[in-house]
Amino acid sequence: MNEMSILDPVLLIAIPLGLAFLIPLLGLVSKKIVRWIPVVGFLFNGIVALLILPHVLKQPIIVKIGGFVPPFGINLYAGSVGMLLASLIAITGFLVSIYAVKYITKGAEQKYHILFLLLLTGATGVVLTGDIFNLFVFFEILCISSYALVAYLGTRSGLEASIKYLIQGSIGSSFLLIGIGLLYGQFGTLNMADLARQIVDYTEPSVFVSMVFMITGLGIEAAIFPLNAWLPDAHSSAPSSVSAVLSGIAIEVGLYAVIRVLFTIFAVSNFFIFFMVLGVLTVLIGEMSAFAQKNIKRMLAYSSIGQIGLIVFAFSISTQLGVAGGLFQMVSHTLGKALLFLCAGYMIFRTGSMEISSLEGIGKKMPITALCFTIGTFSIVGLPPFTGFASKFMIIRAALANGELLLQILIGLVLVGTIIEGAYFFKIIQTIYFKGAHKTDNREEAPVTALIPMLILVSFIIVIGMFPNIIDKVLQPAASELLDQVKYIGSVLG
Amino acid sequence: MRKCIGIILLIIIAWGILTSLQTMPFGVSRAKVANHYINNGKDETGAANIVTSVVINYRAFDTLGEVTVLFLSAIGLGAVLATIKTREKRDTEKASLILSTGCRFLFPPIILFGAYIFIHGHLTPGGGFQGGAIIASAFLLMYLGCHGEKRLNDRCSTFSESLGGLAFVIIGLIGLAVGTHYFLNNFMPLGKFNTLLSAGVIPIIYIAIGFKVGAELSKIIDLLMEES
Amino acid sequence: MNILYDYIYYAGAFGLIFIGIFTMMVKRNYIKVIIGLSILETGVNLFLISVGYISNGTAPIFSNPGIEAKNMVDPVPQALVLTAIVIGLAVLSLALSMAIRLYKHFGTLDLQQIKEQRW
Amino acid sequence: MKILSLFISPLLALIIGLLFLGISRKITAKIHWRCGPPVYQPLIDVIRSFSQKSISHGAFFDFGIILSLSSSVVLIYFLPVGDLYAMTSGGLIAFLYLMLLGPFGIALSSAASGNPNSSIGVSRKFLLALAYEVPLLLVLLTVMTHYNTISLVEIVNIQAGTGMAFSSWALVLPGIAYFLILPAVLGVRPFEIVSAPQEISSGPVAEFGGKHLAFYTLQHALQLFVGLALFVNIFLGGGTLFGLLNPIAGTVWATILGIIIFLVKMFIVLVIELFINAVYPRFRIEQAMRYLWKWPTLIAFVGLVIVAILN
Amino acid sequence: MSLELLIMFAFGGAFLTYLAGKISSKLRDIFALLCSVALVVIVSSLYKVETTITLYNGFFGMPLSMRLNPMAWFFAIAIVSSSALVVLYSMSYMKHRERTDYYYFMLLLINAAMLAIVLSGDLVSFFISWEIMSWSTFLLISYNRNAALPAGIKYIVMSLIGSMCMLVGIISIYTAFDTITISEIVQHMATATAGYKLFLLIIFSITFGIKNAVVPLHTWLPDAYAESPSPFSAVLSGMLTRMGIFGFLLIMFVMVGAENSLHMGRGFFSYHNILAWLGAITIVIPTFIAMLQNDAKKLLAWHGIGQGGYMIVGIAFGTSLGLAGGIFHTLNHAIYIILLFLSVGAIEYSTNGLRDLNSLGGLFKKMPIAFLGGLLGICGLIGIPLTNGFVSKWLIYKTLILGKAPFLAFATLLGTWGTILSVYKFLHNLYLGQLPQEHQNIKKTPLAMQIPIVILSLTILVFGILPGLPLKSINAMIVSFGFTPLTVSIWGISSETGTLNMINIFSILLVVVAIFWLIFQAARKSTAVDQYDNYAAGAAIPKDKYNYTVEFYAPFYRMATPYLRDIFDMLYQKIARFTEFACDNIRKIYTGYVSDYIIYIILFLALLISAQLKWSVF
């Protein structure tokens, strides 16, 4: 326990928060040092999360904030899922903040770094918390910082996107709050485990209505199909480093929240069929919309919708394999999409335009970036030997292992989506390498601070893709944790 | 058309909510958790105001988040408005002497009152947020009454908001380090019930929050006033 | 007791919520949408508060030694509303700041004309 | 016998082929109310050509024509003339391929000359070949399927056993089809557009003079021989005649008589063919293709279907 | 030599070649050549070795393994040797092109991936290598830019469709049998139901059918072949496309097993019969379409499809003779089509990228070696006796005729006769006929390009005359499938009905040619003239432009063009356009007006509430 008190999961939230509060002070001392604060914070977080991760695989750590016993105080539930995502957030945050050191030059830099730090802190809070109102609060931290970050550049498109995002997002949070209020009114508690213990039948109208409000609210951030209209705007207009985090982390965290609510609090069963169909719909609409895009970041954003659909589908299978596959797909999407956005960031920066046609010949101009981009697309499409393949493999396996006809049809549709995805991504690759006249030979490679994160992400993608066993050891306990409601209740309430 | 669809959809939702509300009649229930707070709250936290004990102790983590949200909004506002450099001078009439003198006269009492509110957060229906809001209202008064003359000291407000936030976090971390080793643990002696120096860390946190909220709200006002 | 009495607070709260949503759904002016949002948030807060109310309750403050714990209203929703208000405030201020910028960029606040980002 | 046939067959085929060329010219002339050259004229032409002047467009020009004639000679080895055959390896399929090699060699040779007329002629030749190969392939497949063998010798032997080819009714239709396409296979009227002298200066032959022309004529004679002999072999029982030779089977006389019967059959087929076709004007290539792909193909196809069903 | 080393050598060689290219292009060339030659040496040293190794258990705990058996060895040696020749050829061909490092990297990577495919002992490593091959192929098809780009997209989309099918198949096997190792699947397959086996056969057939370009899944191929760099076209047509054949062998005869896959369904509607008929269609239609082509490489591409049909027919017919024919034809096809592509590549090199059949001609005196390659290549393609194509085609014909499938036999024979026409046009319009004035002074073919052509030409003859050499190892392969072995001698095949003995034919032809050559020489010497000294019935032959080669089979074109359209390609284009249209319209739901979005949200909420409260759906 002594060792564990040093490695308390609450540090993952407290330290970045403290650092965020510290930034304005440090900003008075030196402008340069501020840039490195998020790097330091996420490095710390990454190390702590990775150190804690092995401990939670068997038994989750319950952190009682303020020392109050769970139903009465807020608790953090650092299980395998939470810690997996927390590590992912920390690692991605670390890499993206390195990238941002040189990338963010315009606007109020200091404020960017605070917002960025808080965005990911909010995300960490969401994945770790065990209390629905606390979830709401961290969710708001996540949302508000992303509203601000989307508008950070102050461009027309950024503002427009941010406003639309804000309107939809705040409706979402209001719905979430209504749902929480309804639940509190009925069960008199806000603790997830306590709620889960008291809710026996989710189909009961009163419970169902509150559940619907909650998942609608969370689903907006998770970008499930009819609720995702903000996503392409926001992800394409934000600075690329932010897009990377929004696509890589924010929507995944939203989805995590939806899944946590559905699995742990309500323990839904038949409802997942609806979600499954929704997931496939999300895949198809996302990929089909992406197909005709001319703006590269918008295309990537729509592709994120498609990927989210796939993850939703995987979770909805609600078997051990399916949930593990969904988590794996989350990981591979985070790595892949973050990489793509980071690469796209400098590609856009160098060409000065987001049009895909302007990327012609960039493969010569910035060979390493282009290579990283290519590997990212391969991973997202699901080509071996990259992570995307391993995760897709797991999901298809889960879908087929179930043996239901509906699932088989749906996975077929998902694969159709994958083919469309392949088509447009390969078109971009052609544009990068093979289109346009052989005009400029002068290299304008991205700076080292940008290349390092890209290359690290690439190495992650390749290593995990070739040796998925590394992550499978975490995925399996994580999946069983999500599926096992009784154990969750037991470990929180004792 | 749009309105019709909207109304129909809202009616459906209203029907759903109605169904849900039937299980939670108005004005009767008090849940287990709430009972625990009311019955044991004053012993466990030492605060007379149970809401405060909930806000600062039982659900202190929420409050930390809440403070962060406010911080975020101030920062976000700054970030969004930062890129406007053109700050055109508007020819506004200078406030009359009576108005500006009155404002200056009222300013210290309002600040003092705000401070009173947040210091007595654990005893009375007040607290850091409320106190902070009152402090901000003093600044608002100054902006309205003495337009263009007095401005918020940027450095000072930055200091107070940062230090306020840091204080909250550090108190939490101290709780992790000492006593029962829980984050945001109320590690200080609870003192005599219903006196000013009681309820352990609650007043300290509330003071930090008060400074922070006051600074942040003032900053928001400052930014919005400046741009509009 | 008639139903109206039982549900009057809820009705009020949800009435505000629906008015807010409806406003956001049909109004084209951004400021009006923000107003709708504000109404919506107010409604939600009111709803939360009314969840915790008990008939003839008092504030949960032991300001005097003799106060009975029995009639005190639920303190949790109050704490929640405190948080919710602050969050609402944060969102609102951000929304307003964007309105300022929006007007500077587009010269209008009509959301139907601000459709550069679509498809 | 095989060793013997190695020497006899080509000589026999060349001579008979040349004679048939002469005969066909003569008969056509007679039908046209002309006198016509003597029957042995082609033989004389060939011998004379060897001593005449010729031009060469290079080694490949020479090689093509040699290859063409050689492969036609090898083809003869595969073809049983009565009992006279040298090789069976590969059966009818190899035979078909070798049939192809002759025209192919000429095509290479004349294309190497660079003469545009030759190229046009070759193009026509190949198109005509495609046109008649479709029914021909169907016919041969029918036969092979019917007898369930790909060996030409075996087919002849089976027929010799039953006496006559048309004893099997299933093979009547393919026989008719083959008869219809035979002029195209032989390259005689009305399918002589390939080497239309008036139009494209004799087509592939345009650049051939002297020994080249001699080789070409020899190849042509062999082609004529092969086309007729194949028909006789497949449908008319080869060198047998209703078991007439059975009593003396195995003797040298039987072989010689067999060969004679074979040649007589060939002659009869040729004459009938000429009588029927000599009155027609020359087909244009499209007309030829249309014709060949219509009736003969249809008949052959029906024949194949019948055989396939019977089997 | 162990298999790990082989695989690591193959993949590592590719990467190192790329890195070497960064240092010096000469070093890279040498390194690439050494690598590919070394692979040839290693693989040949593994002749008759049968071994299985486990690479690692990293993929979800599944053992990824490599195994070597007669089938794998046969394909492996073909892959590495063709690749070595192509690398040698590329050294000159690619000298003055841009991005050569990348070119070699991809070429060697594809080579390594193909090697990994044939050596893989389980389905997951099979799939991984398959996909590496697919995307690296895409990257190399697009290399030539412009027209190559749509070709690349077409390829990769169809390839993706195929891989998705295969992925589903593999995972379904994994879920059904809980193993991915091929040898274990074989054992489990006995317990599987017939329906499941049929499902597996069909779903894998789609994948391999796409790769092997079986009609109606062939449409990617003509563009892809035509637009890639010529040496790569050679690899693409020679080996890469034939991975489909390898796949068919794997699924039909190894995994599902011959006794199952040949008795799937009844009568005409049995799996293998339908496959054979698809093969027959694949032979006939593309071959005739090839006749219409005016682009040399496109013509060869269509033949590539057509020849693939022979292999399919041979394999699908499922007798030991047919199987041997199909597999042997795969090898032969690789040899002669590589030769032909290299030959066309030589012309492209010399004429700066021309490969239009209408504007070339008469090059045989300028580029004799390339011409030799072209000539022997088309002889092999037609299957003229004494070339390798003859033997394999003979085997297939014989199987079909004796197997009482005359219509299939007709299709195959008809295909051959169609082939003759188009390849003659190919040869004539490139090498024979008249040399246009502007090509009088073309570049010489470098030695590095001549050597592969010569080697391949000789191979065509050697395999044509001594077919026993490859047939021996094919025999071992079909025995491992559970078929009765053929009686193979070094010269050919002897069996109860009809023998094939190439040495007979060879020796007789040789003797006859010699005799006639002597006669020819004995006759009066002919005078040598140049190409303009032609007899044209008195008409003068213009020297500058004389394109009599255009529309070579004009009468036929007039007749057949309306019927010989690639209707499948049109269909797919239509589907693609429709998809694009749908994609373009579906995104219109994101109207850009935020109130609409709010309505979506409320709609979602209302829908869910009413679904449960009114109808109790969940």
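Think of it as A, B, C, D and E in the order they're written, each chain with its own count starting at 1.
The rule is simple: a residue touches a chain if its C-beta (ideal position, glycine included) is under 8 Å from a C-beta of that chain, and two chains touch if they have at least 3 such contacts.
Here the structure is a predicted model, which is why all the values come from computation and not from measurement.
Trainee: Chains shared as neighbours by chain A and chain E?
Mentor: B, C
Trainee: Under the document's definition of touching, what chains do chain A and chain B have as common neighbours?
Mentor: C, E
Trainee: With centres defined from CA atoms, tell me which chain sits nearest the overall protein centre.
Mentor: Central by C-alpha mean position: chain E.
Trainee: Once you count every C-beta pair in contact for both, which comes out on top, B-C or D-E?
Mentor: Output for the comparison: D-E.
Trainee: Computing the C-alpha centre of each chain, which chain sits at the greatest distance from chain C?
Mentor: Between chain C and the rest, the longest centre separation is with D.
Trainee: Report the chain whose mean Cα position is at the greatest distance from that of chain E.
Mentor: Looking at centroid distances, B is the chain farthest away.
Trainee: What whole-Å value do you get for the distance between chain D and chain E if each is reduced to the mean of its CA atoms?
Mentor: Each chain's C-alpha centroid was found; their separation is 37 Å.
Trainee: Please compute the C-alpha centroid of chain B, do the same for chain E, then give the distance between them in whole Å.
Mentor: 73
Trainee: Taking each chain's centre as the mean of its CA atoms, how far is chain A from chain D in angstrom?
Mentor: Distance between chain centres, rounded to whole Å: 78 Å.
Trainee: Quick one: chain C and chain E, Cα centre-to-centre, how many Å?
Mentor: Going by mean C-alpha positions, chain C sits 68 Å from chain E.
Trainee: Could you tell me which residues belong to chain E and also touch two or more other chains?
Mentor: 587, 590, 594-595, 598-599, 602-603, 605, 609, 613
Trainee: By the touch rule stated above, which residues of chain B touch at least two different other chains?
Mentor: 2, 6, 10, 13, 16-17, 19, 21, 24, 29-31, 33-34, 37, 58-59, 62, 65-66, 69, 72-73, 76-77, 80, 84
Trainee: Residues touching two or more other chains, restricted to chain C: which are they?
Mentor: 21, 24-26, 33, 51-52, 76, 80, 83, 87, 90-91, 94, 98, 101, 111, 116-117, 119
Trainee: Pull out all the chain pairs that touch, please.
Mentor: A-B, A-C, A-E, B-C, B-E, C-E, D-E
Trainee: Of all residues in chain E, which touch chain B in the complex?
Mentor: Residues 595, 599, 602-603, 605-606, 609-610, 613.
Trainee: Under the touch definition given earlier, write down the residues of chain A that touch chain C in their complex.
Mentor: So the residues of chain A touching chain C come out as 133, 137, 140, 144, 147-148, 151, 154, 156-157, 159-164, 166-167, 170-171, 173-174, 177-178, 180-181, 184-185, 190, 232-233, 236-237, 289.
Trainee: For a test of understanding, state which residues of chain E touch chain C in their complex under the given definition.
Mentor: Going through chain E, the ones touching chain C are 587-588, 590-595, 598-599, 602.
Trainee: Enumerate the contact residues on chain E facing chain A in the complex.
Mentor: 56-61, 98, 124, 127-128, 131-132, 134-135, 138-139, 142-143, 145, 148-149, 152-153, 156-157, 160-161, 164, 167-168, 171-172, 174-175, 579-580, 582-584, 586-587, 589-590, 594, 596-598, 600-601, 603-605, 608-609, 611-613, 616-618
Trainee: Within the complex, which stretch of chain B touches chain C?
Mentor: Residues in contact with chain C: 2-3, 6-7, 10, 13-14, 17, 21, 24-31, 33-34, 37-39, 41-42, 48-51, 53-55, 58-59, 62-63, 65-66, 69-70, 72-73, 76-77, 80-81, 84, 123-125, 127, 129, 193-194, 220, 223-224, 227-228.
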